[in-house]
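Below are the structure tokens for one structure; questions will follow.
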Amino acid sequence: MSTLRYIDAIRTALDIELRRDPSVVALGEDVTYGGPFGATKGLADTYGTRIKDTPISEATVMGLTVGAALSGLRPVMEVMYIDFITLAMDQLVNHGAKLRYMTDGLLQVPMVIRAQGGARGSMGAHHSQSLEAWFAHVPGLTVVAPSTPADAQGLLQSAIRSDDPVLYLEHRGLYWQKGEVPDGDDAALVPIGRAIVRRAGSDVTIASWSHMMGAALAAADQLAADGIEAEVIDLRSLLPLDLDALLGSVGRTGRLVIAHEAVTQGGLGAEIAAQVQERAWAELAAPIARVGAPFVPPPFAPELERAFVPDVDAIVAAARRVLDTPSRAARPSPQSVEA
Amino acid sequence: MSSPETSAALGADPSDASDPSVMSDPPARAGWSRLSYAEGMALGLREALASDPTVRLMGQYFFGLTPWRRLTVDIRERFPDRVWDPPIAEIGYVGTGIGAAISGLRPIVDVATASFIFQPFSQVVNEAANIHYMTGGQTRVPMVIHVNHGIRGGGAAQHSHSPQAMLWNTPGIKIMTPSSARDVRGLLRTAVEDDNPVFWADHAKLFDYVDDVPDAEERIPFGVAEIKRAGTDVTIVGTSLMVRRALEAAEILAADGISAEVVDPRTLVPFDTETILESVGRTGRLVIVDECHQSCGVGAEIAARVAEHAFDALRAPIRRIATADVPIPFGRPMEELVEPSAAKVVTAVRSLLG
Amino acid sequence: MLPDLPGEELVAQLRTMLRIRRFEEALIRLAADHDIGHFHVYVGQEATGVPALALLGDGDVAYTTHRNHGHLIARGVSPAGMVAEILGKATGINRGKGGTLHLASAAHGFPTTSSSVGGPLPIAVGSAFAFQELGLDRVSVALFGDGALEEGAWHESINIAAMRKAPIIFLCENNSLEALGQKANEYPSSTLAAVRLTDLVDPFGVPAVPIDGTDTRAVHEAMAEAVQRARTGGGPSFIEARTVRWPGNRPLWPQLLTGETDVTFAWDPSGIPAEHERWWSQQDGLLRFLRELLDAGHVTREQAIAIDTEARDEMAAAVTFALESPYPEAEEAFEHVFA
Amino acid sequence: MTSVPDPLGMLERMWLIRAFEERVSELYARNQIAGLLHLGIGQEGVAVGLAWGLEPRDRLFGGHRAHAHALARGADPARLLMEIAGRATGYCGGKGGTMHIAAPETGFVTATGVVAGNIPLALGSAYASTVSGDGALGVVAFGDGAGQTGSFHESLNIAALWGLPLLFVCENNGYAEFSPLSAHTKVERLARHAETYGIPAVTVDGNDAAAVLAAVRDGVDRARAGGGPTFIEALTYRLRGHYEGDPGKYRELSELADWKQKDPIARFVADQGLEAESPAAEARARAIVDAATDAALAAPHASVDQLRTQVTAEAVA
């Protein structure tokens, strides 16, 4: 085990995979310098031209990454702020995500898009968004969002080894957090599509991911002080979702709160709620509560930014709300549910 | 009744198109006309151009490549200086539309096939949607961005998108998804007069549907759902073309003695949650039919809201009928399998009623 | 050389340049004690923006970028409201919702400011389009750095502007001389293959001139010609104003590496520190302009010091105003999503 | 006259493309093919001149008008037609269709339905070969409509900056969708843009397959020698509309008649002295297309069982 910061874990994952596999390359604006936060710092010293600076041409660099992936490389592209992925949406959505399907598997696109986001540090509406729901809406993509250094390393290694286009979402509010990471080339690997229970409990399930996990765990601590045991699930993988883990937990607790930093409306919480209400109909004792950002662009002022990002109190309040709903054991049983 | 969708197939010469005056039945009642959806669109565009000299059309594929595109020719003849054909440079011309809106015009910008919205996505979601907010309310962007969305027949993965769910997750842009000649005309008038960017999603397979439209000018407010068919046993919420599929399903269900209520939200932003909750309060059951992909689609948000706010009224889980979570395949049998259909709605309703 | 303008106008431009310089210096000092996030300053480019924007009239618009502070002051926006905005205060010009990246003042002809590289270019073309269609005698100016030329938005925008003969001026402030990462082209730009930036313009038939961005006469004349061309139906123009990157702009966060500006350097080089001798004696456009004004007798040393003192005092007061201003109510976060 | 090493092979392939495209047009008119079809009749000279200058390992990316490019590189006409007709046995199992054909084993990697969307893909392919050292060139064919897109500019810049082994082949057929080029840009020759970035550029008569081949060889030689990208602008003409069913009313009939006089096949036959061989070559091509048609129409439609396969490498539920 080593103690690493989240950002160091990202760099370690890149280092391991670059060393293991000569087809891995890293591309992006200023990546030889290390990028704005140092995720790729020093890699160019070891791997030379396999660390490649690009012009500020997001659309083309995304397409170039797709083209490199279907020509034998495993490129890892860094999008400096996820907001700028909007400039490259056509190449990501219309090409990277679809080429395997459109060609019925004649082509494959083993690439990773690293992008960081989140409303931290007063960067305003063009540098602060959480956009995972867009990508969880696009068939063909895989979307992961680690919350700990161990997952940051393990999921990035798995993403690079995956034969699919993976969107790897970092949160810059996590970069300096430290955690234990297993040593070795394969020890840290985290399978894609598998959630993890961060805290066991029986009264209410709180599902979250990325930076909001910290608030979710803090909320569980607060609830525990009142004797309420919350089970906290870190989804980690957003497409595909580990629905079995969620349904298992909700089967025990009967209550679900979904907390994310993205705008609530049209967010991934909606998809989770829609699936769980359908498939855990009989077990649900109370309405599913969603905690997310209001339907506004990320504001700049620190006060407004704090008001925009959901906090521990919001999660606690949502948990209390669903716990206050009288249990409905006598809910009618579901009809046959189509797969 | 044979579906008019088939006649919207691509590729026929406009001169082969049936004359709309022949297609349209005599007016149903005084002061109303029977118009196809495409004619309703054209009427709305003409009225908007006539009523406000600052309205401009940027682009020329409002009617896609369907025979109805001759209506664009008609508009161009009436307003020769008000239509601009930009190059294939969506970033450039959508941005041009934004700047023009900031500086005194009310442009209606056509991005044509909805899949192409991903080219100027940054202009739409980072610029148009944010400007009013980022400037603390100083600057307004009164523009309409038009697309033809959805599975239109052989469009495959790059010409069949329904991107409105992604934009529903994007604060600052209004969204209209009309389903009838009357709605598209009336909503368009409201959209053009709105001081915000409005995303206007049409479906080429709607163009031939004929409905009554008032002869007088009409503006339909945003955020007001319409109950397209009243019923008591189940609520079916549909958007855009899926309203038609929902109505077909309701017809089939009626033959079995099942009374379905069909609700058309008409706009996603703002969204009329109340009307749906009221309907579900009466029926206790909800099926949502929408053409976005299911994962994080329009149906997800509606289901999550209703599941939270009508928890006690619901007598069965909410079912979503959406486009399957695969890129849109090209071959016909596969295409039919992925898209939402009346039959799928019927099956879902029956599963809820047992 | 000096523009062919009355002495009092030139002195007014000197005042504006000093106000910009003192604003940016005050901001850098403020950032040492207050977390104001990432910001970009206009130091070293005052001699471009001030004479260029002085040629615009009421109703003309300009679209600027992340490096916008100098442009706004040049057109009369209140520095106090700008600092307040940068601190996210309720009295900020964007009510705390934009911050340094998005400073805008519609009343002063800055309808919106985008921090997406290249993003404002087509929007600026759109304003020119509207002026044409509405028959208004107005021009639109796109202000951008050389990096924007790497974006596809640039190519699409100039093509449309050229097709339409739109009344627009593309004013590219290339501040990359002596910047990091230069390539061996005639004029440095980190990631463009074109030998000269103006080569990118030539195929479109748009008049394009490279000028020394510290030569106020060159700026004035190129801009006057471009404005005249736009107002008389001659279509777009492209100006590349070249300046040296101020050493304090090289770190990720701006720093006063050269020390604060000392106007006496203009006439007393003995005080210039050796390590920044080139900057203060040859590369700083503001001091060059002051030297030329002194030589031409438009201003005395005493007057220069007095103007500078006023500028310092104004900016100190602006900072005080901003610091003392209240933060916005959190509910402000929900305002202005829609008009 | 420029001599070419394999005139009969080139002629037969041009006839194959012509016969194939005419057949696709007929099938579409008979409603046996769905979708939005863009045919390249009249542009065979570019596709074949290009293909004959490449090696099998080189990777070509086509646009929405790419049947010709796939056939020129050696795609099986039957499997290609099956794909266009949405059959399970088509190259892409019926999932791609006309705008997304692929035959990677022939060096025709894929097509795209997005104008200019293929240019960055080819760029990435060329970049990959600089890393892997596999010696493959990236090659991209696109129309003049792509020249006004941002991706075009971004790609020229990166290709030049990085000195990528890449051929840009612009088929300037004078029309972007329904508009003459002059309505979309003031730039008459898109090769001008390439020169801006220091990319060697040449404009050739695209209806002269031999001239195209010569230009391609120059570019290929340069790229293989480490000399970076080359831009070839081939002037040609679309004898059909933008898509099948497009009445083409935006064009003058006299213009169409002029270009019919410059038919690339007739031109090649005359230039290469193949008058005696041409009828048999045409007959062979048409027979191949007849057989392909029979096979395609007899093939099973795409199976709905395959609907959810190949979305990702990991099977989806």
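Going in written order, the chains are labelled A, B, C and D, and every chain counts its residues from 1.
Rule of thumb we're sticking to: a contact is a pair of C-beta atoms (placed from the backbone, for glycine too) under 8 Å apart; a residue touches a chain by one contact, two chains touch by 3 or more.
Since the model is a prediction, treat every value here as computed from it, not as a measurement.
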{"item": "Centroid-based (C-alpha) most distant chain relative to chain C", "value": "D"}
{"item": "Centre-of-Cα separation between chain C and chain B, whole angstrom", "value": "43"}
{"item": "Centre-of-Cα separation between chain D and chain A, whole angstrom", "value": "40"}
{"item": "Approximate Å spacing (C-alpha centroids) for the pair chain B, chain D", "value": "35"}
{"item": "Whole-Å gap separating chain A and chain B, where each centre is the average of the chain's CA atoms", "value": "31"}
{"item": "Shared-contact residues (touching 2 or more other chains) in chain A", "value": "54-55, 57, 59-60, 83-84, 87, 90, 94, 101-102, 124-126, 139-140, 295-297, 299-300"}
{"item": "Multi-partner residues of chain D (each touching 2 or more other chains)", "value": "92-96, 100, 112-114, 117, 148-151, 154, 157-158, 161, 183-185, 306, 311, 316"}
{"item": "Numbers and ranges of chain C residues touching at least 2 other chains", "value": "92, 94, 96-98, 102, 114, 116, 150-153, 155-156, 159, 163, 191-192, 337"}
{"item": "Arrangement of touching chains [line / ring / star / complete / other]", "value": "complete"}
{"item": "In the complex, chain A residues that touch chain D", "value": "23, 25, 49-50, 52, 54-55, 57, 59-73, 75, 90-91, 94-95, 99-108, 110, 139-140, 142, 162-164, 192-193, 240"}
{"item": "Chain C - residues contacting chain B, complex", "value": "61, 63, 92-98, 102, 104-107, 111-114, 116, 119-131, 133-134, 136, 138, 140, 152-153, 155-157, 159-160, 163, 335-339"}
{"item": "Residue ranges of chain D touching chain B (in the complex, touch as defined)", "value": "28, 34-37, 83, 86-88, 92-100, 112-117, 145-146, 148-150, 176-177, 179, 183-185, 243-247, 301-304, 306-308, 311, 316"}
{"item": "Residue ranges of chain C in contact with chain D within the complex", "value": "150-156, 159, 162-163, 183, 191-195, 199-200, 202-205"}
{"item": "Interfacial residue positions of chain B with respect to chain A in the complex", "value": "115-116, 118-119, 121-122, 125-126, 129-130, 133-134, 156-158, 165-166, 168-172, 292-293, 295-301, 303-305, 307-309, 311-312, 315-320, 325-327, 329-330, 347-348, 351-354"}
